[in-house]
Every structure is written in C-alpha cells, then in structure tokens.
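Letters are used for the chains, namely A, B and C, taken in the order the chains are written, and counting of residues starts over at 1 for each.
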Amino acid sequence: MRRLALTAALLSVAAPAAAQPPAGVQRPSNEAALSQLQLGAALYAGNCSSCHGVDGRGIQNAGQSNGSQDVRGLGPAVRGTGAQAPDFYLRTGYMPLGQPGEQPERSRPLFRDNEIRAMVAYIASLGGGPAIPSPQPQRGNLHEGMRLFASHCSGCHQIAARGGVVTGARVPPLQAATPVQIAEAVRIGPYLMPKFSEREITPKELDSIVRYVGFVRHPPDRGGWGIGNVGPVPEGLVTWLLAAAVLLATCMAIGRRLER
Amino acid sequence: MKRWLALLLAVLNGLRRRRLRRSEAEEERRGRIVPPGSPERGWETAVIVLLFAAALCAVGFLVIYAVDSLGNRTQLFGLTLGGSLGLLAAALIIVGRQLVVTEENEEEFPEAEHPREQEAIAQVVDESTSRLTRKRLLLGAGGAAGGALSLAALAPALSLGPLLDTDPLYATPWRRGVRLIGEDGLPLRADAVEEDSFYTAFPAHAKRDDIAAPVVVVRLNPAKLRLPPERARWAPGGILAYSKACTHAGCAIALYRKPTFTPTEPRPALVCPCHYSTFDPATGGEVMSGPAGRPLPQLPLMVGADGVLRAGGNYSGPVGPSWSGVRSRRPGR
Amino acid sequence: MIRRFVGTVDRATGASPLLRKAMRYLFPDHWSFLLGEVALYAFMVLVATGIYLTLFFEPSLTKTTYDGVYEPLRGAQMSQAYKSVVDISYDVKAGLLIRQTHHWAADVFVAAIVLHVLRVFFTGAFRRPRQLTWMIGVVMLFASLVEGYAGYSMVDDLLSGMGLAIGYSVALSTPVIGGNLGLGIWGGPYPGSHAFESRLYIAHVLLFPVLIGTLLAVHLALVAARHHTQFRTSPRATEKRLIGVPTFPGQAPRSLGLMLAVAAMLVLLGGLVQINPIWQWGPYDVALGTNGAQPDWYLGWLIGALRLMPGFDVTIGDYTLVPNPFWGGALFPLIVVAVMLLIPFAEGRLTGDRGPHNVLDRPRDAPGRTAFGLAFLTWVVLIFVAGSADRATVFFGADYETQMWIYRALVVFAPFVVFVIARRVCRELQLAERLAEDRRAAEDEAEQVSLPVSPVG
C-alpha cells in the first residue's frame, strides 16, 4: 500500500512498463489424458523448443527455423539445468520471452501450476542438474545476510533490494520474489546476473541472504513513512512537492497577492 | 473600622480615576500612533481555542516522553510537538491577519548614496595622514609585513596532509607475491574462482581500508581474452583481478554484468554504481561506456604452489580517481 | 505595567529610540517576500536541532562492534561515528525525531533559499542598491550546500562514504593542484586519515554554521539599511516612498506565525516521514557500494552533471591535465556561481540601466531577464533531473543510456528554446496589457464624450 501510494505520488506520468505477453501459449488439446512427462514434453515442444532447441541443447546461431510458429529463436541449452532453472524462469513469468534476446521481466506466469510442474519435470529429465532449492530463511542470520547482501548483491539490487540499473539492463527489485526464487536466482544467475555456487555462498549463507531480503521487504521504518526505502530521490520529492508546497501556501495565506 | 475601609476605597477609586483621566488626556495630546479598530470576537475565540489546543498538544508530548510503555514513539513525538507548533502558528497568523490593527504606513526610502558623508570620510583619512612624508614607502613596508605574516600564519595549513607531493596517491599495498584474501578472511584459491561469478579480495597482511587494497576477481574463458600483449601472463586460467575503485569517482566497482547467453546479451562488464562507468574485463579494463576517462587498473595474478592466487606485481596504472599527472607514472613495482 | 517595563529597559539600555524605530519599520506586504524568512526559520531549526545532536554524536572513525537493538547490524564492525548516529536513532529518546527534523530542515532550508533567489531574480530585486545583498545571498546558498554535504558525509554510512569518494574525486580533478588538494583535505589517499572525520565535523558544526550565520546577519543588516523593495501595489508606492505594514503590531505576529509554521512542518516531517535511515544503508567500507546511491537533492545537479559528461580526460601527451570529474563536479557549479554573482552587473551593462531601483518588476516587465533566467534555470534543472535517471529506469523501465543521450541533447538545446518562448510570452503579455489599457482609456473617453448627449436609459 505504501509502495502504491509512493508510485502514485511520484510517477503520475508512468508508462506501463510491463512487457506485452507473448502471443499466447500452445497447449495440447488432450492435456488431461497425458502423463506429467508427456504433458511437459508437449508444452516444451510447443512453447520452448523454437529457442532452446527440440533436444534442449539450445540454439547458438540465428537463421535456423525451429519448432512451432516459425520463431527464429536463439537461446541457451536447458539440458542439464535440472529442475532449478526452469522452475525459476517459469514461475517468475520470465519465460517465455516475447522476443529472443530481450530482458526477461517478472510477469504473471502464462502456465498453470500443473503445467509448470510438468515442464520442470520434463526438462529435469533431459539430463542431470540441480533440484529446486529449499531455503530455510528462519535458520539464517540477519546480520550475516546483510553483510553478504552488501558485498554480493547491493551493487545491482540496491541495499534494501529496491532494484537498480546496470549498463544495458534494469535490475529487478526483489519485493515480489519468493524465498525459493531468491535462492534459485543466486544459483543460476538469470540474464545478466552473476551466479554463485555453494562454494562461494554456502546453503547456510544463502538462508541468511533470503532472510535479509525478506526482512527489508517490510523493514521496520522507525522514522515513519518509508517513502520507498530508496534514499534521497523520494526525500527530495517530499521536500519540494510536500514541504515547499505547504510552506508556499502558508506564505500566500499570510501575505498579500498582486491584483490582476 | 467601616469608615476607614470606605475611606480607603474612595481614595483608591480616586487614584484610579485620576490615572485614567491622565492617560486619556495624554492620548489626546499626542494623538494615536496605532489607529483604532473594531473588536472581532469570533476570531478572538478561534485564537483562544487554538492556543489552548496548542498547550494540550505540548502536554501530550510531555506525557508521551515521560511514559515509557508507549512503543515506537517517534511518530507520536512528531505529531504532538509538530501539532502544537502548528496550532500556535495558526493562532499567530490569525492574530496578524484578523486581530491586530491593519496599517498601511508610508516611509521614505533611505538615500542610495551619501556624497557628503563620503567626502567627509575621505577628508578625515586624508587629513589624518598629513604628518607622514614617505607614504609610498610606508605602505610598501606595511604590505611586506602583512603579506609575510599572512604567509607565516597560513604555513601550518601545510601540515593538513602531504600537500607538496603526490607520491602517496601512487602507493598501493600490492607487491609481487602478496596473497589474495577473500571476504571471508581466507586465502583465495585459483580453483575456487568460478566463471560467471565475481569475488572481492584484499592483500594479505595489509590494511583493508585503503582505496588501493580491494580488487574484484573474475574468471573469463581464456580464449575470449583480448589483453594487451604485455599482459599475456597476467591472467592464469582466465582469472583477472582489477582494482575495485572506479577511475572516475572512486566508488566501489560493485556490479558485475555477466551474460547468461552470450549471442543475444551484452558482454561481461564491471560497472560502477555511482555514475555507471562500465569497464571491459576481457580487454584489460578498457572503458566501454560512462564518464570514466581511464581504464580500470589491472592487477597481474599468478598461482602459488599452494594453489592460492598471488599478485604478480603491482597494478597496471594508478588506482582510483584521476588527478593532474596521473598518467605520468605507474605505481611502484 | 507595560510602561513600567519599558521604563526599566530604557533606563538600563537607553534603547527606546532604537526600539521604537524597529517597531515601526515597514514591511511591504506580498507573500513572496516571506520566502527568505522561511529559509531563516529553517536555519534556526537547524541550529537548535544540530546543537542537540552534537551532544550525542561521536566524530570518530575508530572501529567498534555494534551490539544495539537493530538486528541486521548486530555484530557488525563500524565506526563510532556511524554507531553513535544509529544509537541516536534507536536509543536516545526523541533522538530520531530531532535527527530527522534536522535532516528535513536541511532539505527545506536549501529549497527555501532557491525559491527566495528565484523571487529576487525574477522581480529584479538584485539591482542597485542591493547588489551586495544578492551576492552575499549567493555565497550563503553555496556555503549551505557544502554544509549539508559535510553533515550527511560525517555519518559514515554506505551512502555518505560513496558521496565522499565522489567529493574526493572532484577535489583530485582540479587541474594541476588537484592531487595535492585532495591529499591535503583528506590527510592522505582516500578514505584519508582519521583526522579527516574531525575536519568534517568541525566544518559542519562550527566553520560553516558560523560563516552562514555571519553572512546572514550582514544580509539582514543590508536589507534593513536599504529597506525592502516593493511592488507597485498602489499609486502611492514609488521609487521614493515605501508603503508597508509596521513590524509591530502588523508584521510581528505574522512572522512569528510563519516561524512556527516552518518549525511545525519540519517537526511533523521529522516525526512522520523517514529520512536517511542510515541503519538500512549499513556502515561504509571502500569495497562496498549500493545501486541507487544519490546525494541529498540539493547536490543532485552535480551527480547529474557527472553522469552526463561523456568519458574523457584532457591529456597532453602522457600528462593528464583535466580529469573528467572536474567538468561536472567543479566547473559546472563554478559557472553557476559565477553567473549568479555577475547577474547584477551584467544586467546593468546589457540594459544600460544602472540606476537604483526600489520598485520591483513583474517577470513580464523585463522579458530579456525573465527569458534568460528561465533558460538558465532550465539548463540547471535538466542536469538535476538527469541525476535521477537511474531511478526513472527502475520505476518506468526507460533505458538508462538512451535517457542520458536525450538529456545531453536537451541540456544543449532546450535553454535556447525556452529563452525564445519566454521572451515572446512576456512581450505578448505586455502588449495585451497595453491594448487593454488603451481600450479602457478610449472607452472612458467615449463615455465622457457621449454622456451629455445620451438620451435617458
């Protein structure tokens, strides 16, 4: 609600930033009759293979036409990414992309829950890879989380996880990310994000990071209205649009105005 | 007793009347300064109410301050104290606009210049120095004394810092053989550095709180490196280390842009979050975009017999933001 | 009662003639003349809250471990300076209220000065005999920027450390002497010696407040000596004759009311709207950075200029003459100060009107000045807005680098467009007024001519 109020206050001229959803997904007509793997395979063939290849090995050079709708796709291999990556990309609505190569944006997932589970199972079955992580934020340590977030994440995501900019791309805020999605993203490094192995960030440390991100989602704003927790830009807006405006009005109430 | 009392009252009454009469008379004699006006009982009531409300708010603040069990109090403090000030402000503004007599008086503007006074001042100065015969020499001597004394008085300011040489700007804690220590305080092993990730490392046995200390370490595919020829051996196994201080404004290079799928996504880059200077780790830290004017200094690396990363020497250039003459020298080896 | 009191005071000080004069000193009545007062009252709030904060702040970079109530920081290494400010926010009763009020007061102080400067400029109040008053005001404005910067920098949180790194780079970028200048101020290469914190502290709590306070006193003395300017609100208001409300009883309650209103606004903001929650940013370390690091609003124009400047250093062979941050961080503000300081003299020279003026122009009355002011303002404001382009990327999704190129183009061209349009609008307004006046005069004349012969009705 606070965020909403802020957005309304600050961004009255906002253009809708959400990417257009792709032309719609291809579903097999006999979904109910298929086994989970069959359903996953059918959905994969219909919606993913044009970029990721019919065999899941990816498409490295443009020009080939593959799969349905004759999309000339380009995309990384999914074989060997296990359940972790497809679960992340599908549940965040990152995939399918509208255009190959564009920045994936968080949006409403286009697939139903059982469909996502089927596709994840199918892609995991193509060849080994990590399972979906199960972070335990309650086991994490907030201080360790803040320290690790400051050294590994805040450069792009901003120290209170409000998102930011890297040259050439937008860095998403983590307000909507679930603990599982945060853990997945740390491991797979979606789009331009680096990825961090268990050797660099241990599962326990990851718990701490997830706990910290959950904490700053609704930080204890001791000072009052948090105005977005992004620092001086909204503070400046409050100075001018609220304080300066009220004080100008006070001056006008006290002093005389010129007659026309 | 009764008579005495009556007498006293009468005397007092008489005194009061006399005083009244006297002040009225005085007023008549002098004329009013502030013109009269008619009472505004409604506004007066409003002011009285506002003043009491302000008092109430201030008392509220005191109560909240005194009672410990009221939880997060900053908002209550602000509301009560700010509210009290605001009510008082409203009361005073009403007094100013509605209750005091509104006057519109006239006055002459003061003269912009006073030629006669100017002349008089000049004359005083002139005439005061009439006994002096060698004015020029006196002025010169006075100037010399004042100037030299000012310089002497300002000289201790030079102790503020190493004001007269820029050598400290070239100093770094890195030397050939110094081990890289990771953020966890443990030596950074070459085989622990993975592609697609980034690491911050510090020199062993040195102050971490030094702009030249932290380096950012990344590993790229050795086949994709385009380092200058003399740095061919600076990146064992494709592991590269760069100063973490941006050459533009000295902020920490805290962003590593790493593509997931190289054919469609931008190249790997090290980015500064302050003004988005972007450096290319594959070419030895060249500026890709942003306001930086100098490449990011690269730290040559080698792998020790224990598998730990070590500096192979000092940086390729001076660390941190530039100054006049920054390119004239390299940090000592 | 009153008479006894006045008598006592007069016998003790002999101040009655002065006091009487002060009470009947005239203030021309217009709302825009109160903007400077707003700045003055914000400054008073700053001094009062600032003194309170010094009672708790520890200006020391000595490392310590946090063991207070804010959980994410517990066990963290930090400077005593940072820790003491977290403690002010968490442990000192009403400490956070005072701290936030102080910070809001700083933001509002500069905003009020800017509004006041705009009023003075666009009405021509800077002309003779008030050029010195104007110049002192300009110096105060820029002293306030440095004062504010020192204030949020000495807290040693993540944002302040990043801001100091940028300040260091700007000092270093000064041609020829930059390296020595930076080393001198910081006492060594960044982040400098521990003494640097003491230097920041004494600058923030003594040097700059005293400088601003002294200039303020001179500024007000000069205003009083020359008396206020006025609008031509009635035919009685002329270059020679001032029409206004006396200090007492008219102006005093209004000014006091405004003072309390400013204090109320600042205390309400301080209690209800969070500003610079340093516990959320965490302590500074040279190896750390956060996205979206911004200065307080009044330095936003400098981060904008630093970001807009294309990346190059001026070099002669191997010798670096001008490092990049100089353009945006030093030259740009110097140009703005210089232009502002020269305005009274430049206008005299350009218009040939060097005479004293006590009656103000409306903006339309001086199309050239108004157009120049708006163009200059457009230039600075565009650069200011460009400084928050990265937040616009986060909120609206606009590509950052595209925005930078758009701003670069706008910064170069928009001021000229604004100049031409503003001058045109002023002239049209003047023309329309003159036409209306002529028509009124003609109608009056016609009425007078036709009256005698007009039939009934």
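Please note the rule applied: a residue touches a chain if its C-beta (ideal position, glycine included) is under 8 Å from a C-beta of that chain, and two chains touch if they have at least 3 such contacts.
As the structure is a computational prediction, the values presented were derived from the model and not from experiment.
Student: Identify the chain pair with more contacting C-beta pairs: A-B or A-C.
Tutor: More contacting C-beta pairs are found at A-C.
Student: Based on CA centres, what chain would you say lies at the far end from chain C?
Tutor: Taking each chain's C-alpha mean as its centre, the farthest from chain C is A.
Student: Can you check how far apart chain B and chain C are, centre to centre, with Cα atoms defining each centre and the answer in Å?
Tutor: Once rounded, the distance between the two centres reads 13 Å.
Student: If you average the Cα atoms of chain A and of chain B to get two centres, how far apart are those centres in Å?
Tutor: Roughly 35 Å separates the two chain centres.
Student: Can you compute the centre-to-centre distance for chain A and chain C, using the mean CA position of each chain? Integer Å is fine.
Tutor: 40
Student: In chain A, what residues contact two or more other chains?
Tutor: Correct list: 151, 154-156, 164-165, 167-168, 222-224, 250, 253-254.
Student: Multi-chain contacts only, two chains or more: what residues does chain B have there?
Tutor: As it turns out, chain B has residues touching two or more other chains at 74-75, 78, 89, 93, 96-97, 200, 252-255, 273, 276, 289-290.
Student: Residues of chain C that touch two or more other chains: which are they?
Tutor: 29, 96, 100, 254, 257-258, 261, 265-266, 269, 271-272, 287-293, 390, 400-401
Student: What residues of chain A sit close enough to touch chain C in their complex?
Tutor: Those residues of chain A that touch chain C are 7, 10-11, 14-15, 17, 142-143, 145-147, 150-151, 154-160, 162-165, 167-168, 170-171, 173, 212, 215-216, 219, 221-227, 229-233, 235-236, 238-240, 242-244, 246-248, 250-259.
Student: Within the complex, which stretch of chain B touches chain A?
Tutor: Touching chain A: residues 72, 74-75, 78, 89, 93, 96-97, 183, 192, 194, 196-200, 252-261, 263-266, 269, 271, 273, 276, 278, 288-290 of chain B.
Student: Under the stated contact criterion, what part of chain A meets chain B in this complex?
Tutor: 58, 60-62, 74-76, 100-101, 151, 154-156, 164-169, 189-197, 199-200, 222-224, 250, 253-254
Student: Which residues of chain C touch chain A once you look at their complex with the stated criterion?
Tutor: 29-35, 38, 71-76, 89-90, 96, 100, 104, 107-108, 111-112, 115, 158-159, 231, 233, 254, 257-258, 261-262, 265-266, 269, 271-277, 279-282, 287-297, 300, 362, 388, 390-391, 393-397, 400-401
Student: Sort out for me which residues of chain C touch chain B in the complex.
Tutor: Interface residues on the chain C side: 24, 26, 29, 93-94, 96-97, 100-101, 128-129, 162, 165-166, 168-170, 172-180, 182-193, 199, 225-227, 236, 239-246, 249-254, 256-261, 263-272, 285-293, 303, 306-307, 309-313, 315, 318-325, 328-329, 356, 358, 390, 400-401.
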